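Written below as C-alpha cells is the structure these notes are about.
Chain naming follows the written order as A, B, C, D, E and F, and within any one chain the residues start at number 1.
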Amino acid sequence: MSKNMTPEKITQKDLHGAWFRWWWANEVPHAFDRYISPSLLLALMPLLRKLYKNDDDLREAYHRHLMFFNTQAIWGGGTITGIVASLEETRANQIANNEEVTVTHDLINNTKLGLMGALAGIGDAIDSGTVQYIFIAIALPWAQAGSPMGSLFPWIGFTLVTYLYGYYFTRNGYKLGRAAATELVSGKKMTAIIEGLSVLGLFMMGIIASSYVKVASVFTLNISGKEFVLQNILDGLLPGLLPFTVIMAIYFYFSKKGIKVTNAILGLTAVLGVLAWFNIL
Amino acid sequence: MELTVVQALLIALFVAAVQSRGLGYATLTMRFSPMMTGLVVGLVMGRVPEAMVITAGIQLVYMGVIAPGGSMPSEPAVATAIAVPVALLAKMEPYEAIAIAIPVGLLGGYLYQFRFFLNTFIIRLSDKFAEELNDKGLWFSIMGLPIIVSFALYVPVMFLALYYGAPFIAEFTAANASSQLFHVLSVVGGGLAAVGIALSVHVIGKKEYIVFFILAFFLAYVLKPLGVTMITYAVLGSVLAFIYVLVTRLSKD
Amino acid sequence: MELTVVQALLIALFVAAVQSRGLGYATLTMRFSPMMTGLVVGLVMGRVPEAMVITAGIQLVYMGVIAPGGSMPSEPAVATAIAVPVALLAKMEPYEAIAIAIPVGLLGGYLYQFRFFLNTFIIRLSDKFAEELNDKGLWFSIMGLPIIVSFALYVPVMFLALYYGAPFIAEFTAANASSQLFHVLSVVGGGLAAVGIALSVHVIGKKEYIVFFILAFFLAYVLKPLGVTMITYAVLGSVLAFIYVLVTRLSKD
Amino acid sequence: MSKNMTPEKITQKDLHGAWFRWWWANEVPHAFDRYISPSLLLALMPLLRKLYKNDDDLREAYHRHLMFFNTQAIWGGGTITGIVASLEETRANQIANNEEVTVTHDLINNTKLGLMGALAGIGDAIDSGTVQYIFIAIALPWAQAGSPMGSLFPWIGFTLVTYLYGYYFTRNGYKLGRAAATELVSGKKMTAIIEGLSVLGLFMMGIIASSYVKVASVFTLNISGKEFVLQNILDGLLPGLLPFTVIMAIYFYFSKKGIKVTNAILGLTAVLGVLAWFNIL
Amino acid sequence: MSKNMTPEKITQKDLHGAWFRWWWANEVPHAFDRYISPSLLLALMPLLRKLYKNDDDLREAYHRHLMFFNTQAIWGGGTITGIVASLEETRANQIANNEEVTVTHDLINNTKLGLMGALAGIGDAIDSGTVQYIFIAIALPWAQAGSPMGSLFPWIGFTLVTYLYGYYFTRNGYKLGRAAATELVSGKKMTAIIEGLSVLGLFMMGIIASSYVKVASVFTLNISGKEFVLQNILDGLLPGLLPFTVIMAIYFYFSKKGIKVTNAILGLTAVLGVLAWFNIL
Amino acid sequence: MELTVVQALLIALFVAAVQSRGLGYATLTMRFSPMMTGLVVGLVMGRVPEAMVITAGIQLVYMGVIAPGGSMPSEPAVATAIAVPVALLAKMEPYEAIAIAIPVGLLGGYLYQFRFFLNTFIIRLSDKFAEELNDKGLWFSIMGLPIIVSFALYVPVMFLALYYGAPFIAEFTAANASSQLFHVLSVVGGGLAAVGIALSVHVIGKKEYIVFFILAFFLAYVLKPLGVTMITYAVLGSVLAFIYVLVTRLSKD
C-alpha cells in the first residue's frame, strides 16, 4: 500500500506523449481569461497521474495547470512542457520521501509565468513570422504554376519541422529542469531562487497584463463643437488606468469574497457588456 | 454562384476544422495562409490548377500575417474559402475576389473571438472536472466541447455564404445590431483576461511582491513608444529579480 | 475709442480683481475664460446682448486654455477687456478685435509673472510674522499685500489701455527696453523656484536620500520625449519607495 | 495651567473654515520660490492654534506650512488640507501626551510633497481642462444668442460644483489621515512608512523640480557663419545641467551659510538678472 | 635594502611628465580591443617605477593599465592620469607599510571605467566639437584671404590651450585623488565606496559596450519576392543580441580556458571574418 | 597632375605623420580639419596663398567633423592632400576637387581602421614587455611600432595617389575584392572591442556584479531612441551605485 504511493519514473515515452498532447490540444480550448492553460493540463495529465499517488496532491497539480497560461506552441510550449514535467517529478518525489519540499507550487507557477512571454516572443518571430513564410515563399512559384505542391509543401514541411524541434525543446526542457531541480534540492540558494522567480514571474505578468488586458473608453462628448474624448483625458492622468482598475477590482473581489471565478467572469461580462452597449467602453 | 450543397458543405467543414484548431499546431499554417484552403476548394470543385493560381495571388495579400496573443481582424482561411470560388466562377482577379470575401473574413474573426468567449465558460467545466480528478471529463471539456462549438459557429456561416453568396453574410455583418454586438463582444473579450491575471496575481505567496507587477505594468505603458520587446523585458525582469535577491539575501553573508 | 473715465476705471478694477485672484478659486474661470469679463464690459457699456455675442466669439479662441503650474503667455481676461470694447465701438469681428488686444494680453501675462516676483519678497514678511506668531500680520502679508500689489499693477495699465487705446500699451510692450526687462523677469522667474526646492530638499532628515531627488530629476529629463504623466511618476515613485522599504526593512524579519 | 496645554478637538466647522480659507486665498500669494504655500498656512492657522498650546511647537508648524508647496486647488488642495489637518492633530496629541512622536515634521512634509504633484495632475486635467469647459460649452449657445446666462451659468456652476466636491475631499482627506494616523501610532511599521514617504517625497520633488525650475541659455555665437548654440552643447552633455546646478548651488549655500532665504533670493535674482540682461540666459 | 623598498614621492615634475607622455602617445597605439590603454601605461610607467619597488607589484600595475581604456585626451585623460597617479601612490604606500590595502586593484580599475565614458562625452563635446571650431571659425576669414595664419592660428591656439588645461586637469585630478584616498584610508566607509565603484564601473562598461561593440547581420533572403532581413528578426527578439552574444562568448572562453587574449582575438577575427566574407555579418 | 616625386613624397610623409597621430594630441586638429594639410601642400608646391583660399573652401565641407570613439568614413587630411593639388593644377573649385578626392579619403578611413587592427596584435607585444617589465620594449611597442605601421600604410598610398593621380586609387578602392576586404575589416573591427570589454568584465572581483553590466547594456538599447548622453548615464549609474550601497551597507547601521 505504501509502495503504491511512490511516484513512477517519467519515461521518454511519457515525455513524447505530453509533447504530442500539448501540440494537439494547443489552441483548441483558447479562452479569454485563461488562454491556453487547459492544453498544458491535458499534456501533463497522465504524467501527473504517475507522479502524485495522493489525490489531494494530484488535485492541486491539476488546478495549478489550469491557471492563466499563454505561450507560443513550439519554443514556449515545448520548453515549458519539459521543464514543468521535471519540476513536477522532483516535487512529487520530495513529497513522497517526506523531504523538505523545495519545489513549491509558487516555484512552478513563477517559472511558467517568467518564461512564457519571452519564449512566445521568440517563437512568434521565428516560427510564425519567419520559418512559416520561408516555406511558403519557396513553394509560391509552384502554386503560381498551378501545382498542388505549392500548398502541400509549406503545410507538411512547416508542420513536420516544427513538430520535430518542438519535441527536441521538450526533451531539453526536461533535462534542464532536472539539472536545475537537482541543484536546487541540495543547494542552499533555494530560497534566493524562489524569491527571484517570484519577482520575475510577477514582473512578466505585469508586462503581459499591459498588453493582454484591453479596456479603453470610446466615450466622447461634443458640446457646442468642443470634443471631450474621455480616453484622452484618462491618458493624460495615467495611461493604463482602466485595465489596471479592472484587474485590481477583481483582485480585491477575490481577496474579499474568495476565489469565485465564475462570478467574476459573469460580473465582468455584464459590467463591460453594458458599458460597451452604451458606448462608454 | 453555383456551388452544390455538397460542395458548399465540404468546404464549410474544412474551414470549421481549421478554425477549431482541432488538428493542433498543424492548423497554424492553414489558418494564417490561404494555401491549403485554396487547394481544398480546388479539389472540391475539381479545378485544382486554376484554384492554385488564384490562391497564390491571394497569398501575396496575406503575406506576413501572424496573430501574437490571439485574434486578428480578418481570417485568411475564411476569406479564401469564399474568394477562390468567387474568382473561379465569376472569373475575377484574386484581389477583386478577396474584396468580396472581406466581410465574411471579418465575421470569421468575430466568430474566432466568440469562440474564446464561449470557451471561457467551458473552462468552468474543466475546473469542476479537475476538482473531481475526472480525466475523461477533462478530455471532453478541453478538446471535445470547444471543437463542437467551433463547428456550430463556422459550418452554418460558411455554408450560407458559399451557397447563397457572400453578400448574404455581408448584409448581416453590416447590420447595425450585429455590429453593436461585435463591439460588445470585443470589449468583453479585451477585459476578460483581467480575471485570469488577477487570479494568478492573487495566488502568489508574498503579497508585497505585487509591487513588481505594478511596476512592470506601468513601465510597459511608459515605454510603449520605444517598442521594447518581450525578451528585453524578460532580461530586465531577470536583472531586477537578481538584484533584488542580491540585495536581500546574498549580500547578507 | 470712446469710453468714459468711469467706464474705463470700472472695467480696469474688475480685471485687477480677477488677476489678483482675490475672490479665490471663483476667479479661475474668470481668468481662463473671457465670458465673465465680456459680461461685465457689456454691463458697464450698457450693451449686454451685443457684448455677449462678441464674447462667445472670443471664447472660441481661448477654448482649452489652462495654466498648470502658473503663468501663460496671454491672459484671456485682460485681452477680452480690451477686445470687447474695440469690437463694440469699431464694429470689428471678435477675432480681429483680439488681434488688437494681443499686446495688452501679453503685457497682462508679464504683469502676472511680475506679481509672482513681488510676492516672492512679500513672503519674507510672512516668514517674519510666522516667527512672531502674528496672525494678523500673516493675513495681511498673505491676502492683503498681494491683492494691493495686483491692483497697483493692473489698474493703471488697464485704465490707460481702455482710455487711450490699446496701441498706447502695444508701443510700450514692444519697446526695446521693456522687452529686455520682460526677458530678465522671465529668466529670474524661471530660476527662483530653485530656492524653494533647494530649501525643501535641504531640510529633509536623511541626507543620503537626496539621491532619490537626483534620480527623479534626471529621469524626468531622460523620459521627457515619452510624455510621462505626473501620476505615472507618482506610481513609479511609490513603487520605488515601497521596494526600498521592502529591501531595507521588511525583508529583515 | 497644564490643562491648558491639551490640544482642542478639530470640529467639522474648523475643517470647513480651513477649506474655505484655502479656497479663498488659493493663488493670491503665489510666489516664484514657494508657490502657494502661504495659502495653506492661512487655511490651517486657526486649527494649529487650537492644537499647539506651546509657542515653539506652533511656530514650527507655522514654518512647516510656509515651505515650497503647489497643487491644484480642489483635488490637491482639498485632500491635502484634510490630511494635513488630521496629521497635525495626531502630532499635537502625541506631543501633549508625551508619547513617542511618530508623526514627525518630515512625515507631514513628505506626505505633502508626495501627493501635491499627482493630485495637481488630476485636478488640472479634470477641473480646469474638462469640467470647466463642459460648463462653458453648454452655455456657449446662450451667449451666442446674447444672453448673460452664457456667462453666469459656467461661472456660478463651475465655482459651486468645485467648491462642494473640494469640501468633500477635505473631509475625506481628514478621515483618511485619521485612519492612517491611528494605524501609524500603534503600528510597528511606522519607521518603514516614514522612510517610504521620504523616498516618495524626494522623488516627486525631483520630478517637480525638473519642470518648475527653468534655466536655459540663449547664448549663441556666430563666427564666420558657424553657429555655436550654448544650450545645444549643454544638452549634449547633460540635459538639465543648468537648473540642477542652480538648485545645488543654493542647496550648498544653505548648507554652508545656514538657511538664509532672502539672501538666496536676492543673490539668485541678481545673478540670473545680470546673465539674462547680457543674453547669456 | 629594506629602505630601498619605500615608494618615492611623486613630484610636480613626475606629474607633468606623465601628462606629457599621455598627451604625446594618446592615440598612437589605438587598437580595436583595448583602445588607448597603452598610452596610459606609457604615461604612468616612470611613476609606477618610483612607487613599486617590488617587481610583482610593479608587474601587476603595468598589466592593470593595459586593460581596456578609452577616453578623450584632455578632460578624460588629464583628470584620470592625475587621479590614478595618486591612487597608485596611496596603494604603493599601503603595501610598503604593511597597512591594510584599501586602494585595491578593483578600486583603481573601476574608477577608470566609471569616469572614462562621461569625461569623454564632456571632452568630445567641448574640445573637438566646440573649442576647436571656435578657433577654426575665427581664423577662417584669414585663410579665405590667403594668409597662412588661417592654418597656424587654430592649430597652435587649440593645441596650446588644450595642453594647458589638460595639465591643469592632471594636477587637479591628482589632488582630488589624494584627498579622496586620504579620506578612504582612514574612513570606515571604504568597503561601501569600493562596492559603489564596482557597480558604477560595470554599469558604465555596459553602456560603453553597447556603443563600442558593433556586430550586426547583413544577411537577407529574398524568396519569391518576400524579403527576410535577419537583423530585423533579431531586433524583434532582443536588440543587442549579437554583440552581447560575442561579449559573453569571450567571457566564458576566458572563464573556461583562462585569459588567453591572443587566442580570443585570433579566433574572433577568424569567425567574424569568415561570416563577413560570406555576407552573413 | 604634375607633382614631382619629391613634392609627392613630402606631402605623403606629412599625411602619414598626421594619421599616425605621432605628434600626440597636436594631430587632432590636423586630422579633423584640412587647414594644416592645405598649408603644407601650399608650401611644398610654393603656392601658399592660393592653397589657403582653396583650403578655406574645403574647411566648410568638413565643418563640425569629430570622431567620438574612433574612426570616421572619410579622413579630411587625406582627402585634402589630394584635393588641394587637384584644385591648384586643374583649376577646379574646392568642392569639385573634394569630389575627386573622396575615394582616397575613403581609403584613408579604411587604413585608419586597419591601423587599429594591426595595433591589436602589437598590443600582444606590449603585454609581453609588461610581463618582463621591459620599459624600452614598451616604448617601442606603444610608440615606435604603431608609428612605423602607419607610415607603411599611408606613405605608399598617398604617394601613388599624388604621383599617378587619384583615379588610380579610386579604381583600387572600388574594386570588388578590396571592397569586400574592407567590409570584412570593418566587421572584425566592430567586434574586437568585445575582447577588451569581456576581459575587463572578467577580471572584476564579485562575479554577481556582472548583472549591472547586463542591465546597462540592454538599457542602452532600450533607450537608444531617446538619445541619452553618456554623462546622464554616468549620473544614473552613480545613483544606482549609491542606492545599492545605501541598501546593502549604510542602511544596516
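To be clear about the criterion, a residue touches a chain if its C-beta (ideal position, glycine included) is under 8 Å from a C-beta of that chain, and two chains touch if they have at least 3 such contacts.
Here the structure is a predicted model, which means the values were calculated and not measured.
**Q** In contact with chain C and with chain D at once: which chains are those? Just list them.
**A** A, F
**Q** Check A-B against A-C and say which one is joined by more contacting C-beta pairs.
**A** Top pair by contacting C-beta pairs is A-B.
**Q** On a C-alpha centroid basis, what's the spacing between chain B and chain D, in Å?
**A** 51
**Q** Using CA atom averages as chain centres, what separation in Å is found between chain B and chain E?
**A** 54
**Q** Residues of chain D that contact two or more other chains, please.
**A** Expected reply: 121-122, 129, 133, 136, 140, 225-226, 236-239.
**Q** Which parts of chain B, given as residue numbers and ranges, touch two or more other chains?
**A** Counting only residues that touch two or more other chains, chain B contributes 63-64, 212, 214-215, 218-219, 221-223, 225-226, 229, 231-232, 235, 242, 244, 247-248, 250.
**Q** Between which chains does touch occur?
**A** Here the touching chain pairs work out to A-B, A-C, A-D, A-E, B-C, B-E, B-F, C-D, C-F, D-E, D-F, E-F.
**Q** Which of the residues in chain E end up touching chain A in this complex?
**A** 221, 223-226, 228, 233, 236-237
**Q** Residues of chain B touching chain C in their complex?
**A** Contacts found on chain B: 208, 211-212, 214-215, 218-219, 221-223, 225-226, 244, 247-248.
**Q** Which bits of chain A are touching chain E when the two form their complex?
**A** These residues of chain A touch chain E: 121-122, 125-126, 129-130, 133-134, 136-138, 140-141.
**Q** Considering the complex alone, what residue numbers of chain F touch chain C?
**A** 223, 225-226, 228, 232, 235-236, 239, 242-243, 246-247, 250-251
**Q** Show which residues of chain C lie in contact with chain A when the two form their complex.
**A** Spelled out, the residues of chain C in touch with chain A are 60, 63-64, 229, 231-232, 235.
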